[in-house]
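Chain nomenclature is as follows: A, B and C, assigned in order of appearance, with residue numbering initiated at 1 for each chain independently.
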Amino acid sequence: MKRFVMIAAVSILMLPSPGKASTLEDKIMKGKQISSDNMKGNCLACHAIQGAEMPGNLGPPLLQMKLRYPKRKVLHDQIWDATKKNPQSIMPPFGKHGILTHEEVDLVVDYMYSL
Amino acid sequence: MKQTLFKRSLALLLVLVAMMAARQVVAADFQANVQTDIKVFRDFFAARFPEVKFADYANGVYAIDADACQQWKEIEEFPPYSIAVEDGKVLFEKPFANGKTYTAYFQNGGVVRQNYPYYDEKKGTVVTLEMAINECRVANGEKPLEYKGGDIAKISAYMAFISRGKPVDVKVESEGAYKAYMKGKEFFYAKRGQLNMSCAGCHVKYAGGWVRSEILSPALGHTTHFPVFRSKWGEIGTLHKRYGGCSDNIGAKSFAAQSEEYRNLEFFETVMSNGLSFNGPASRK
Amino acid sequence: MDQLHENKEKTMISRILFVAALIAVMLSTGELSAEVITTKVLIEQADAARKEAASIGYEWRDTASLITKAKEALANGQEEDAQKLARKALIEGQQALEQGRLMSKQWEIYIPKS
């Protein structure tokens, strides 16, 4: 009986937990969706991303983002409100102006870090 | 007694002369300020696009991009706005119910594009060509036309067409005119909307840049070629229709066509294009 | 004297009990729920901010329709949706007003230099 209970307990613990936070791959995919959505990030309007068609060129190309923004918070803040660093910036304040939530900006950062 | 009266009258006269002189100085200030603004504006684009001839700015993106220019030249062989011009001629020449026509209001057979926009001292506001067309209609017992497209755009297209080549020379010669000019200037440079963008952001600072596959047109020459047959609209439309669309695009609530805000903006933009020639109507993407 | 006091007390108690019952009924039917009150306040604040931004020419495109949708959701008993929409509208109204105030003061710094 004890053995049975032990085996059952171990089997249950080995099951993947339903409803837990998604994997990094999921996050990157969600971040990419938000970035491509022209009602949300619409990043390609102004930034080139490798492999994307007909990108704009008003902003710098988005590559080597982990190298350029090693601190996650700095990139998050830049997307949240680019005018804080540069008041002249044409980049919309995606967070401050209510276009993206903090969660969405986090997912975009996850996607950026994959570029 | 006589001497005191004489002294007082002289003093009053001197004060009046001083006031007049002051007004002249202030008026000269307006004009000097506006001239400075025009020079700064032109110099910016001359530095950004050194190969582009000044007169060519009236052609917008087609002046600054060779590929787009080639495509546009091909379109110009059978201009999509020509039907609107023909329709506009018919509308312009058709008498009102009272027997009069637009020529009773507009001189030179309607070759008056170059007179608009202007600051009307009596009305205390900027008057545009489309506004004047409706004023003419209402003065003759007709209903005013909708301002974004349709008949008013066709009439405006015809009048622009017959006025082609006339110089852009908008005057800012009074305090009222300068106030309207400055309101237009503020509108042009201020960021607005959820996207926090300004006219100047796209059409000055990033003029010539790409937004996806579209080139941002330079603001110099912006208003010379309206109304336009825009492929996106599939028909002829007015400058204020375009202003409204731009406002929408950046997440700002658009103003009504021919609102004071858009008339002041048109006033400022046209002053910045002083020295170019009117070349409407035009075709655009 | 005692009788008078006793009667007054009885009336007081019955009154208090009546009001308590009324509140209980209203709470149970959702008429006075904290959620609803919060959403209504948010909607009012959002509209006030939107109007003030409009008065200086800086109203945003979607704020009015967000407020309308919030009101509709509230009327349909969709309290969670209503509150989400109301919060979004409030952020928009406040940010538009802040933007307008800033621009009115210092639009000239945004004139591109080169």
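In this section, a contact is a pair of C-beta atoms (placed from the backbone, for glycine too) under 8 Å apart; a residue touches a chain by one contact, two chains touch by 3 or more.
Just so you know, these numbers come straight off a predicted model, no measurement behind them.
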### Query
Between A-C and A-B, which chain pair is linked by more C-beta pairs in contact?
A-B
### Summary
The chain whose C-alpha centroid lies farthest from that of chain A is chain B
### Query
Which chain has the mean of its C-alpha atoms lying nearest to the mean of all protein C-alpha atoms shown?
B
### Task
Report, in whole Å, the distance between the mean C-alpha point of chain A and the mean C-alpha point of chain B.
44
### Inter-centroid spacing, chain C versus chain A (mean Cα positions, whole Å)
33
### Shared-contact residues (touching 2 or more other chains) in chain A
88, 97-98
### Task
Would you give the residues of chain C that are in contact with at least 2 other chains, written as numbers and ranges?
92, 95, 110, 112
## Note on the structure
By the touch definition above, chain B meets two or more other chains at residues 194, 196, 201, 205, 251
## Note on the structure
Listed in rising order, the residues of chain A that touch chain C in the complex are 87-88, 96-98
### chain B-touching residues of chain A, taken from the complex the two chains share
44-46, 54-58, 83, 88, 90, 92-93, 97-99
### Task
Would you pull the chain C residues touching chain A in the complex into a rising list?
88, 91-92, 95, 109-110, 112
### In the complex with chain C, residue positions of chain B that touch it
44, 47, 186-187, 189-194, 196, 198, 200-201, 204-205, 247-248, 251-255, 261
### Task
Could you pull out which chain B residues touch chain A in their complex?
194-197, 201-202, 205-206, 209-213, 251
